[in-house]
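Each of the next two complexes has chain A plus one other chain: chain B in the first, chain C in the second.
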Partner chain A sequence: MLRQVDKFLRYNPAHRQFEPVRWRREILPSWLTIRDTDSALPISVPVSPGTPPLTIFQPYSSVNGADQGFGTPFEMRSLIFQDDVDGTAAANFTVMLKEVGEAREFMNNPVHIRTIAGSGQFPAILREPYMFLSQHNVSAKFVKVAGPTTQMRFYAAGAQYYPWSPTLIQYPADKRELLKLLSQWMNRRKSVTPFWLTTDNVPQDGLTPPGSVTIPAGAGTGKFQTTAKIGDDGHFEAYGWCAVSTGKFALDLVETKTKQTLMNGQVSNVNSVGSSFLPTLFPSPYLIPAGYRLRWNFLNLTAAPNLVFFTLFGRKIYAPISQVAETLQRTAVPTPADSPTMLVPSPL
Partner chain B sequence: MPRIPTIIDAPDGTIRGVNIKRLAEIPYFLLGNTPNNIISMLANQSSEPVSMSISGEGPAQLFHLAAERLAPCKIMIQIQDGQGVRALMNKACHVDTIFGNYNANNRPYTLPEALYLDEQRQVIITATDISGADNTFRPSLDAQRLLTRLADHDLSRARAKMEKRQYLSLPSFYTLDNGSSVIAANGTNVETITVGQESHFDLVQITAVSTGVFDMEIVNISTGESMTDGPLAQSFPISSNLCSSASAGFPFKFHEPLFVELKSKLQITLTDRSGAPNTVFVTFGGSNLADRMWQ
Partner chain C sequence: MIPRWINGKDGSVSLNDLIRYVKGGFLVPEQSRTPLIIPAAVSATVPRSAPSLVIEAPSDSVAEIFSFVGEQDTGVDPDVAARMTCQITDVAFRRRLMNKHIPAQHIFGGAGVNGSGGVPGYFPLFLRESILLEQQQTMLFDFNNNSIAGPTAFRFMLEQRKFQSTSLTRDLVTNYIKNQRFRKTLLQPYFIGQDGNVNLPVGRQGLLTFTNTRSSYFIWLGTAATFIVNGAGGGNLVEGFAVTMFDAKTQRPLQNQPVVRSCCTGSAGLPYQNPTGLILEPDTCMQWQVQNLVTGGGTSIDIFVTLIGALSYTLENPFETPMRGVQVADPSAASYGAP
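Presenting the complex of A and B:
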């Protein structure tokens, strides 16, 4: 009987030796970026209308059809970027990601890059990884908020699966394990995707990016109210939030249907809002049912007008809310969503 | 309380549904009761005690302490449950040792264990200025709220367990019995921390604020054990920047907790290495473990 020692190693008593879990050795660390036919790196990001939609494409590869139809999928676990002109810590552009083939939105409006992607040191880890199938595209559109064109590099980091690896030919049991996991992923990805929620606000000036808000001038007096609707298609589970702003602000957040507030006053951004590098992680994820609406009440704490990009990050779940008895079951496909939320998650 | 999974899936990965119990848990930010979101104090004086109350929607568990401040101040935190007041610390602690925030890649301070607060209970904060100028302080406590609007047997049972547990174990802080220590240039001060009469203390993390670098040696006077060396070896102090963090967002966490029995004394020997007078604030974070149930 083979005994699992850890994720990558098991003990074989028949041979009295440790041996690798071979199917796991066929999941390799990997990065994926914009398709080279769309743009060379670094990518030039001008102000509105920004870049054309660029494609992140996962190619197909296999050997003699040994991939069993799965190709070479890529599990996107984190997002990272580097801004060569403005500097990564001061980057000032938005990004809109969209699944092309399945027409799934990953966000309700463009979000600021510093609320969705991190750096090499502090990658923005997706609570729900996205399984990028071979031959699938995600379109990415980048728009500089203000100032001259910048040059940047954007990557999805994660793991590439090689179900067709010739190494697995002599280990059929390991190959079955890998195919089983991929099959579970194929089912899971139909109902769960990463998602970022920002405001539904569309500024009327035609210049300020949609999703952002400008709180009128006045420290302690400038106020702005805006909302965002969770789509009717699925529930949104937020694991935390982050924001980028030109000054200090305070906010309160209310779910308009139940009138549930998340605070008993207005909380300042210094106390409550991180960035994608060190985001605010909720002690408990916030599940917001489909069709519900969040309302932000912003208060400016600086004298000048305050441009704020506010993003909740988490996952969208396309399944009914139901009464079930299971409370301690383990999911078929473990993801960072299962780890305690107080802790900074790490890639699996 | 174990995490309630959101997704209910089948062995083949198919998502069968979303757990309705998850609608009873929300993140929550607990602030001072209106109009005391911001706590003000005069130079070298204490503020009025400010209440932060949990409403009747359901209990909460506090996990993180965050604060925005204009200048250094000392903070005292108490919990009031309507019948009695329980202090979370032996003396007022320096704000930078127990409150973080999101400024400059910092993080809020993570409590050594969650603090359970039943409905209608309050956390009371008193702040004292030590900067010598009028001061303001804006605290925010990150919590998990357990809403009672969803009637559920499992959730009620979990809440009942948490309610009982608070009388056995409570997050707490110990600072020097003198509050702070002013060490002469290159001098040495011997300070103590006296553990309370009713609870043992499980020490898990340490933070310190000082005007310069210093060495620290911690000895449990009751047992003679030093934290810096084994019991038989000659003990050597450890540098403050190697055994503590000046940022509450990232406290130094011990690899093993140090159990200190009630009524024990810790002797803290502080030696200045900066060559200038050094004001030191040290805060030990951990849990008070009840010797007996008092309710």
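Presenting the complex of A and C:
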């Protein structure tokens, strides 16, 4: 006997019919953007120093405290943007996101927008959804890479939870289900957040944004080496990478402590690197323990100097990893051991 | 849908044995050798229609349809492609798959770089719930040409899985089909188009409404949208419009600021996928406030939005309810006064 058709419909024996799962009705698809955007007008992004820090704010709402202290949280699932067509080098701009209240940064340096956000048709899916609590702020700072000011819009897409919805009063079991799910999220968000890792390089020209590298001119001869350190506060689990550049390049990546490499020779960006719209996903997540360092060896494949923004995307794990084996690089073939060690909330 | 690989409880991964009994295939209308040509509309408000096109499941297999693909021939005016509409009926179940005629561009994706109407489609439109057709069951496709710019030249097909009749003795197959039959009594793919047409002059706002059917829950899973600029426009010709969406029953806004078209909608081939499905109650109306972003002299835009998802018929469970006996007339019985 089929009791559940899909996650939205469930058989109710009392009524002898299939009915919607009520607690799912109180999770609505939603979009969150810069708080003070005036109507649908875009945001102007100039070159360095860029915009002032802008605020993405999640409001609080509730009815008579029926939210059990959860407010109206927003589960951020993907990032989306839209900008003007721009012909300048490495168009268009970089972004730096910070959780203000918890003083957490989501990246080690500003990352290029085309390595972090996609479009409505190709949204950049977060490898770890971020539970954005009521009354919390994320600050976003945008800096145009070069050329005149550009116009853009930036959205976080996800799901809005209404644990206090009056509709749930009639369905206490559904309300418990929703509160249980939120409790799991509350625990999880303490120790796992989305994270983007780019190079630690800080250009000295005062104009090019931090995080970018410029490979010297010379096809096949121009070389540049740079590193990025995983902070001591947590481990980084990379799910893939993407890049934006003004020309073709090749690279290899080495973890400096263990000397492990991800390739046996240099690979070209065309063969190995996507963008946030269609990123390159690793066959298996790449866990880099806290305090470790990655080293990029870039090789220019074009004659002109090559401006490169390179980003690994994944999640930061702010928790001790209990088994030594888990600190090792994951094998290429997925095995049961590759499943996350921490409890994962029920997928929606 | 059939998963290709199955995870065992011990962590093992094995090929789904059901795959061995399934073939891929295509279904096209019987008149598929030539494109569907509908002359230009009589006027901007009086379309021309084509006779219903019939797609029939094979006589030797059960078909499970999972995607729609279509394209206009080269040379068809873009305005014609954008305004052509379609309505689909599942004849066996006497059900329509949409509340009204829906733009064909929102229903038929592409198989490669050629999407419908010359718009790159890249992917077919994958249905949110597959359609099971028993042997020789049919679907009707009704098309309208709403443009006065010229005739259509449209070709389309459905992608299917075929369960050959020779495989219908396998428990694996029969159980799967039995399950699909049951699902079909409760769920079907569904498209909700906006109520009425919307033409927005420069810098103006308007209201789109989407009314759900009276007795069914609609699970909104994705969105496709297009717009047509009338006259020479300026300003933001790429985005076209921005929207503010409101939940149907509770009127909750779904965003903190208006969202531009490309960040909340897509096409048939690549619709915007909602991060989570939204259940719309029967007989409720979802509202979208739309704002024209195109500026310039005398420009207006026509907006077309389609909500993509599945319709749930919350019927009494037909497999649990005792079937009522059919009253058969018996001429020899007492009604004729026999002793």
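Heads up, the rule we're going with is that the second predicted complex is superposed on the first by the 306 of 348 C-alpha atoms of A that agree within 3 Å, B and C clash if a C-alpha of one lies under 4 Å from a C-alpha of the other, contacts with A are read in each partner's own complex, and residues count from 1 in each chain.
The definition used in the following text is that a contact is a pair of C-beta atoms (placed from the backbone, for glycine too) under 8 Å apart; a residue touches a chain by one contact, two chains touch by 3 or more.
Please read these numbers as outputs of a predicted model, since none were measured by experiment.
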{"item": "Which superposed partner A:Ser284 touches (first chain B, second chain C, both, neither)", "value": "first"}
{"item": "Contacts of A:Ile116 with chain B and chain C, given as first, second, both or neither", "value": "neither"}
{"item": "Which superposed partner A:Leu54 touches (first chain B, second chain C, both, neither)", "value": "neither"}
{"item": "Which of chain B and chain C A:Leu312 touches, first, second, both or neither", "value": "neither"}
{"item": "Partner chain in contact with A:Trp31 - chain B first, chain C second, else both or neither", "value": "second"}
{"item": "Which superposed partner A:Gly158 touches (first chain B, second chain C, both, neither)", "value": "second"}
{"item": "Touched partner set for A:Asn271, first chain B, second chain C, both or neither", "value": "first"}
{"item": "Contacts of A:Ala140 with chain B and chain C, given as first, second, both or neither", "value": "neither"}
{"item": "Which of chain B and chain C A:Leu294 touches, first, second, both or neither", "value": "neither"}
{"item": "Residues on chain A lying within both footprints (that of chain B and that of chain C)", "value": "none"}
{"item": "Interface residues, chain B side, partner chain A - complex", "value": "2-23, 25-34, 37, 52-53, 55, 61, 63-64, 66-68, 101-103, 105-108, 110, 114, 138-140, 142-145, 147, 154"}
{"item": "Parts of chain C lying in touch with chain A, wherever the complex brings them together", "value": "11, 179, 182-183, 186-187, 217, 219-220, 238-239, 242, 247, 250, 252, 254-267, 270-279, 291, 293, 312, 314-317, 319-321"}
{"item": "In the complex, chain A residues that touch chain C", "value": "1-2, 5-6, 8-9, 11, 16-20, 24-25, 27-35, 37, 39-40, 57, 59, 75, 77-78, 80-82, 85, 119-123, 153, 155, 157-160, 162, 165, 167, 335-336, 348"}
{"item": "Contacting residues of chain A [partner chain B, same complex]", "value": "183-188, 190-192, 235, 237, 260, 262-275, 277-278, 280, 282-287, 289, 317-324, 326-329, 331-333, 337-338, 340-342"}
